[in-house]
Every structure is written in C-alpha cells, then in structure tokens.
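Listed after this line are the structures, all set down as structure tokens.
Heads up, the next two complexes both have subunit A, just with different partners, subunit B and then subunit C.
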Partner chain A sequence: MDVLKTLFILLIFPGGLFVLANGMVYEWADRKLVARLQNRVGPRWFQPLADLLKLLAKEEVVPESVNARLFVWLPIVALAGVLTGALYLPIAGLQPSYSFSGDLIVAVYLFSMLTLCTGIAGANTNNRFSLVGATRTLTQLFSYEAPFLLAMLGPAVAAGSWKISDIMAYSSTHPVILLQPVGFVIALIGLMGKLEMRPFDAPEAETEIVAGALTEYSGRGLALFYLGRYAELIAGLTLMSAFYLGGIHNQLDYIVKTLVLLLALAGVQTLMTRLRIDQIVGLWWRYGTLLVLLQWLVTLLLKGMVL
Partner chain B sequence: MSEAVVQDKKRFVVPIGPQHPALKEPGHFEFTVDGEIVTGATVRLGYAHRGIEKAVESRNWTQSLYLLERICGICSHVHAMTYCLGVEKLAGAEVPPRAQAIRVLVAELERVHSHLLWLGVAAHEAGFDTLFMYSWRDRETVMDLLESFTGNRVNYSANILGGVKCDVTPDLASAILKGVDFLEERSRHYLNVVTTDEVFLQRTRGVGTMSKEVAERLGVVGPTARASGVARDIRIEAPYAAYADFPVQIVLAEAGDLEARFVVRIKELFESYRLIHEVIDKLPPGELQTRMPRKIKAGETISRVEAPRGEAFYFIKSNGSDNPERIKVRTPTLCNMGSVVATAVGHQLADMPMILAGIDPCFSCNDRTVAVRDAAGALVTWESLRQRRLAHQENK
Partner chain C sequence: MDFGKTWNEVLDRVKTWARLNSPWVIHFNSGSCNGCDIEILATLTPRYDVERFGIKLQGSPRHADVLICTGPVTLQARDRLLRVYEQMPEPKFVIAVGSCAISGGAFQGCYNVVGHVDEVIPVDVYVPGCPPRPEAIIDGVVKLLGKLQPAKQPPQEEIV
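Our next item is the complex of A and B:
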C-alpha cells in the first residue's frame, strides 16, 4: 500500500501529472494575458494541451550529426529534474511531499537542470542557430543563476533555515516582501530569465536564431522540453509565493498568489523589448548581484540587531 | 560540436535566409561571427525574381499597368504612378490637376500604411511585439480608408493611363480626415515610445550608425538616407504629379542610427498627415482623366517617384506600337542594400535583424535580372533561355 501511495504522490498528485496539467493551464493564462495586453485575441484554453498532443503524435526526427542517445535523453532528464524538484514544494497549498533540511538548495538546482539540458541539447547538434542559442542559454544561466539563488536564500537567511517548510513558516509571520523588496524583484526577474520570457528571450530570439538551442528538436523531445518549462513555471511561482508573498496555506491562497505573480510576469513581458545577451549579462552582474548582496547584508545586520 | 563545425571554426557563419523567421521575403545573408560579434557580412539577392520587366514587353500599355502595379505589395500605387507618369510624358498627355492631386492623396495614404507597417516589423525584429501589434492595429485604419477610397486594400489600381479612376466624395473626405486625425494622435504616442522607452533605446541608439559620407558614397535613398542627414527626396528635388502645388517639407535627422530611422519615418507620417489634409482642403475641381492613345509615340523617358522606401525609378522605351519595348525598374531597396553590409560589421548578431529591417527592405521588388551568364561566364541570350526551357519541359 505504501508503494502505491508513493507512486501516486510521485506520478499523479501532487507531483507528476498534476504539476504538468497545472503548468499547461498557467501557460495558457500567461499566453492569454500577454495576448490581451497586446490587443490580440490569444489562444483558447486547451491550446497548450493541443500543442502537446500534436507534438507527441509527430515523428521525432533525430538529426544525423548528433549523439542520438544524448539527444533522446536530454529532454527526459530535464523534465525529470523539474518534476523531482517540485516534490519539495508546497504545490497547490499542500504540504511538500518530501522535505529535509537543505531541500531548498536541492530544489533550486534541480530547476536549473532544464536550462542546462537545453544548453547541452543545443551544443549537441550541428545547427548554427542551435549552437548560438546554446551559447546564449548557458551564458544566461551563468548570469541569472547566482543572483536568483541569492534572492531565494534571502528569506532563508532571515528564517535561519534552508528547509522550504521552515522558510514558509517564517514568511507566514513576517512580511518578507516589505523586508526584502530587492530580493523579491530580483527573484521575479530571475524567474523570467529561467523561463526565457521576454525580455530575457535572447536564447530563443526567433528573428535571429530561429528557435535557439531547440531548433533541431521536434515531436516528443520538443514536447518534453515544453512540459519541463510549464512545470518550471509552476515551481517558480510556488516558490516565490511561499517565500515572498506570505506563504501558501490553502488552495485559494495558492491560486490567488500565483496568479498575481503571473499577472506581473505578463505585464513585464508585454512592456519590454528583448535584450541582447551582453545587456542581459551586464544587467545581472552589474546590478542584480550587487543589489541582492546588499540586501543580504541588510538582512544579516537586521537579524543581528534583533537577536 | 560535430566535425563540420570544428573544421570551419575559423569562420563561423550564421546564415540568415533564404527562409528565416526574420525575413518576410526570401533573401540570403551570411554573417561571419566571432562569438556574438559580426566580423563579415555578405548578401545574395534574386530569390524572388519574377520576370515582370520581360513580361510587360508582351503586354499592351494598359495591361502592363496592372502587372507593374504588382511589383510591390506595399507600394503598389507608387509603381503604377511612376509608370503612368512616364507613359503620359511619352504620349504628351495633359493629365487633369484633380487626377494628379488624387494621385498624391493615394500616395501619401500609402506612405502612411507603409511606414506604420515598417514600424511594426522593425519593432518585432527587436522583440518588442507589443508595439508591433499596436501599430498594425492602427494601420488597419488607413487600410480601410484605402479600401473605401479605391476598392482595394493592397493593389489599389487607382491609376489609369491619363488619370485616376476614383474620386473623393465629401463623405470619403471627412472619413479620411477623421482617420488621419486618429492616426496622428497614435503616431505621436509611437514617437514618444521610440524616443523615450529606455529598453527599446538600448536596441536602437547608436546601432547601425551610418555617417552622412558613407550614406552619400553608397547612394542610399529615402528615409534611410534622410536619417543620415542626406537631403534626398524626389518629391522636393523633382516634384511630380501635384507635389509642386503641395510642397513637402523634408524630414532629416543627423544621427544615422536606428533610432534616427525610427524618428525620421514617424515624423514623415506627420508630414503625410499634413499633406493629406492640404490635398483634401484644396482639391482642384475638374476631370479625372484624359484620353490616351492606344499606341504610344516612339521614344524613351525616365520617371522617378519617391516611394515610402526611397526613389523608385522607371526607364520606359516605346517603339510606337501597342506594347512597351523595354521597361526597366529600379526600386529603392536595391540602393539601400549595400548599407546593410556596410553597417553590419562590428555589431552583435542580435542587431542584424534590426539593421536589416532598418532600410525597410522589399526583396521581391528589387530582384532584377540584368544579364544571365552560364557556368563558363558566357552571356545567355533570351532565345537560348527559351530553348533551355523547352528542353526542360520535354525531359519532364
């Protein structure tokens, strides 16, 4: 019975299928919001699902010049990484399925698997656009990852624990967004970098390098990468709500807080022009990292004074 | 990385086109990059050659008008007007002033639609889709006006040899003025956006800069030249149609970068709105057309018109028969294409689509065949091309 329960948690709820389904709904909401803000009609509610089914039904073309095993496994590893990471999060307002001291670090690194796999997938092919896209993907990874992690660790430092549920308990009693506004902004923008949303979509800038690192992917592989991104959207929004927006206590809490964040993301996407990769790196290292470090210093000082 | 790329590591070439999301029409660009920095650029055109110049030689003067109008899907009126002005000059026909004024009116409405279209495309190349969507939504206003004016959205066929075939009714005049006033307000907003949006300016200010000297040396035309401070506008230098009665004020910028090209094109919109108002206010009364002979007197002439992208040039030769003997078209994109290659080097790969879009390229219009040579370099005649085609069909 225990095995069945574990499998249910891993594959169906709250991990696995539920995260994917939730991700598709949020992806649709994001696309619809951006479309409405841009004066477009936008997709119908089942569009991400329809895209997924279409891709899954299509032939997966493995290009000649690639390492075929790597080509096939990368999307699986990427999706598995995100889904595993999601198990440590309070998805849908429930207690995390698994939890241990230091799970925050593990989860954040599992979420980076997607970007890493995308980069390797691009470098694996012989396509010029993929190679340029892979370079940009990895460059972007190295620029936002440190500030994003630091921004996520901000509440952790304040809470004095690296366990997600402990930090959430702290943020339920403290207005973290007011105490660490810089961290909130950096984490939100970092999430956009992770999800390659505009203005950080240089790695897949269609007018320059077609589809970037994933140009050679089709069918199942592309579908899995997309699913990974949907799941990452859910994971990122949950983590942000749990840490900065006062925690997630029930289902309504979850829906309202993540949707508010999604609205903010859609707004930024609509307002911004795509940045060049050098501008992205400059933005993160020149401002992002410094500001978040400053935030850390202030947090530590405040903590020292209170204690 | 696979072998082919490793072997070519010294020259990493990113091909853009003939099929590429950045290109709305086929053209081929090869950018040699060092990391993200472009170190070399080449351009290859000719993918959309349609043989229109040759085809008009076997059509009569009237039929040719409709074929030439289809050279460009954006500035179709310009092509028809350039051709008509040239043929009327050859025939010595006096076109009524009302017809000439209406030609100007349609030409300026077309310029409005073309510049708004460009604004959207250029914003899209920079990844600013919101501006793209908004400017194209507003562009529908002028498309609707053109449709209610001429009956068509794209190939208006407002011109006929010897005049125009559509008139401005009082209802239409007030509709045009209302639409133009709305667009003027919107354009003011867009000018504000492209000159103050910090993120957008990062992608346009100082990018693709072309100095006045380079612009003159490369012989660029139209808004691309005017953004570099070169005062070149056929409407002012050699007024045609009714432009002598409705003078245009030139819009210049000095910077020569992408921002200047945005500013020049949007400010030209204001100039077009002013002209549209003026033409409608002072539309001369009278006939819309004059009779034209079926055969045009032998002779040759040139005809120049300021298209939205710059100078459109026609050489027209008649041998006194029903059909034109030779018509040569040169569209502004061809003059401006050299500036893409010249300004690309040293910029980032990410800037390439914008630099390319900065000249407002129109590929199928500029593709001409001057001379066809075989692999050995010998000139291929029209007759041997015919034989080749027949042989090819037989082989099928």
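Our next item is the complex of A and C:
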C-alpha cells in the first residue's frame, strides 16, 4: 500500500499530473489576463491543452548535427526536475508531500534545472539562433539566480530555518511582505526572469532570434519544455505566496494568493517591453543583488535587536 | 468491437481536435511586393485577435503547422522556400495568400520568377486578392481547418 500511495503522490496528486493540469490552467489565465489588458478577447480555456496535445502528436525532428541522446533526454530531465521540486511545496494548500531540513535550497536548485536544460539544449544544436538563445538563457540565469535565491532566503533568515514548512509557519504569524518589501519585489521579478516573461524574454526574443534556445525543437521535446515551464509557473507562485503573502493554509488561500500574484505578473508583462540582455544583467547585479543584500542586513539587525 | 480499433479512433479524434484548435503559423515571403505581408501582419494585430482561435505566429519552422506563403516564387527564393517547407515537422499545411502566390500575378513570365507557389510545394488553400483582406486570410485558415475535419469532408465521388 505504501508503494501505491507514494506512486499516487508522485504521479497524480499533488505531484505529477495535478501540477501539470494546474500549470495549464494558470498559463491560460496568464494569457487571458494579458489579452484582456490589451483589449483583446484572448484564448479559449483549453488552449494550452490543445497546443500540448498537438505538439505531442507531431513529428519530432532530430537534426543531424546534434547529439541525439542529449537532444531527446534534456526535455525529460527538465520536466522531472521541476516536478520533483514541486513535491517540497505546499501545492493546493496541502502540506508538502516531502520535507526535510534544508529543502528550500534543493527546491530552488531543482527549479533552475529547467533553465539549465534549455541552455544546454540550445548549445547542443548547430543552429546559430539556438546558440545565441542559449548564451542569453545562461547569461540571464547567472544574473537573476543569485538575487532570486537571496530574496527567497530573506524569510528563511528571519524564520531561522531552511525548511519550507518552518518558513511558512513563520510567515503566517508575521507580515513578511511589510517587513521585507524589497525581497518581495525582487523575488517577483526574479520569477518573471525564471519564466522568461515579457520584460525578460530576450532569450527567446522571436523578433530577433527566431525562438531562442528551443528553435530546433519540435513535437514532443517542445511540448515537454512547455510543460516544464507551466509547472515552474505553479511552483514559483506557490513558493512566493507561501513565503511572502502569509502562507497557504487552505485551498481558497492557495487560489486567491496565487491568482493575485499572477495578476501582478500579467500587469507587468503588459506594461513593459523587452529589455536587452545587458540591461537585464545590469538591472540584477547593479540594483537587485545590492538591494536584497541591504534587506538581509536590515533583517539580521532587526532580528538581533528583538532577540 | 475491437478494443484496439476503438482506442485508435479515440486517439485520432483527440489528435484532430488538438490540430484544429492550435494552428501555429509561419509566414514566408518568397518574392512578394509586401502588400500581402502587411495584410498578414494586420491579421495578427489585437484588432482581429487570432489568438482566440489558437492561431499563433511562430518564428521557427520547427514549431509551425501552417506555412503562409505570399508572392510569386523567385529563382533566389525557391531553394529557401523548399528548405523552410522541409524543416517543418509533419503534419504540415500550406496556404498561398494573394494573386501572385496563386498564379504569379503581375510577375508572371518575369525572367527571375519560377512561378506560383504550387509549382514548388503542395498548397492546401488559396486565398485570392491583391492583397486579400485580413478577414479573407482568417477565412483561409478556417477553410484549411475545415478540410482537416473528417466528418465535414464532402463524400468523394467514385469514378467508374
């Protein structure tokens, strides 16, 4: 029975299928919100599902110049990484399926797996657009990863624990968003960078470099990369609302808080145009990292005074 | 009732449904005067909002299902058009937009022109006009989707 229960948790609920389905719904909500903000009608509710099924039913072209094994396995590893990371999160208002001291670091690293795999996938092919896209993807990874991690560690430092459930318990009793507003903004923007949303979509800028690192992917591989991105959207929103918006205690809490964050993301996407890659790096290292370090210092000082 | 057969039928239906609802297009200009291209861009603007049908413009031929081709095919563009077409994964469809793509139009018989799009790659739908209106282009895509639906196809007449 234990094996069955574990498999159920891993594959269906709250891991696996549930995260993917939830991700598709949120992807639709994001596209619909952006469309409504641009005065359009927007896509129908099943759009991400139709896109996905169509891609899965299409031919997968493996170009001649690539390492075929790497080409086939990278999307699988990317998706598996995100889904594994999601197991440590309070998805849908439930307790995390698995939890140990220090799972925050593991989860954040598992979420970078998608970007890393995208970068390697781009570098694997001989296509010039893929190569430029891969360079930009990895450059962006190195620029937002440090401030994003630091912003996620802000509540961890205040809570005095590296465990996601402990930090959530701390944030349910303290207004973290008021105590660490800089960290919240930087985590939100870092999430947009992770998901390659509009101001940070230089890695897949379709007007310049076709489709970035994923130019050579078709059919199944592309579908799996998209699924990974949907799952990452869910994981990022859950992590942010657990840490900064007072924790997730029930299903209603989960839906309201993640949707509020999604609305903020859609608003920023509509307002901003694409930044150049050097502007992105400058933004993160010149302002993001310094501000979040300052925030850390204040948090530590406050903590020292209270104790 | 054979279970395998039923399963395949269901799978086919799901595939057709997904294809009907998510046609991603790529646009290629094989020597057009840019009139049709501007109309295609106008089709993609928020005013016509083709995202509500699931139509999305893709930059990479590897991601696209439908090749929207404008203009007569020039000698220079012929190889490129073939290459873009062959880079697309199956199943793929082609829409020829504008008079020149259908017949060569004003460029018919020019020394540097191969001819219409049909001479180079197989075309599924022709959208006439010089240039066609955005509504006509959307209608062309819808006609293509109608062709994909097995139920809506007219019964084939048998030739004795």
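Just so it is clear, the second predicted complex is superposed on the first by the 307 of 307 C-alpha atoms of A that agree within 3 Å, B and C clash if a C-alpha of one lies under 4 Å from a C-alpha of the other, contacts with A are read in each partner's own complex, and residues count from 1 in each chain.
Throughout what follows, a contact is a pair of C-beta atoms (placed from the backbone, for glycine too) under 8 Å apart; a residue touches a chain by one contact, two chains touch by 3 or more.
The model shown is predicted, which means the values in this text are computed figures rather than measured ones.
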Query raised in the report: Counting only touches as set out at the top, which of subunit B and subunit C does A:G282 meet: first, second, both, neither?
Result: neither
Report task. Based on the superposed arrangement, let me know which partner A:R31 touches: subunit B (first), subunit C (second), both, or neither? Result -> second
Requested in this report: Return first, second, both or neither, reflecting whether A:E206 touches subunit B, subunit C, both chains, or no partner chain.
Outcome: both
Query raised in the report: Counting only touches as set out at the top, which of subunit B and subunit C does A:R40 meet: first, second, both, neither?
Result: both
Report task. Go through the superposed model and pick first if A:K58 touches only subunit B, second if only subunit C, both, or neither. Result -> second
Report task. Figure out whether A:V132 sits in contact with subunit B (first) or subunit C (second), or with both, or with neither. Result -> first
Query raised in the report: Does subunit B (first) or subunit C (second) touch A:T270, or do both, or does neither?
Result: first
Report summary line: In subunit A, both subunit B and subunit C touch residues 38-40, 129, 206-207, 210
Requested in this report: Under the touch definition given earlier, write down the residues of subunit A that touch subunit C in their complex.
Outcome: 31, 35, 38-44, 46-47, 49-54, 57-61, 129, 206-207, 210-211, 214-219, 222
Report task. Going by the contact rule at the top, pick out the subunit A residues touching subunit B in the complex. Result -> 37-40, 65-66, 123, 125-126, 128-129, 131-132, 135, 198-199, 201-202, 205-210, 270-279
Report summary line: The residues of subunit B that touch subunit A in their complex are 1-5, 12-15, 20-22, 33, 35-36, 123-130, 133-134, 137, 197, 199-200, 202-203, 348-353
Report task. Would you pull the subunit C residues touching subunit A in the complex into a rising list? Result -> 14-15, 17-19, 21-22, 24, 46, 49, 51-52, 54, 57-60, 62-63, 65, 87, 89-91
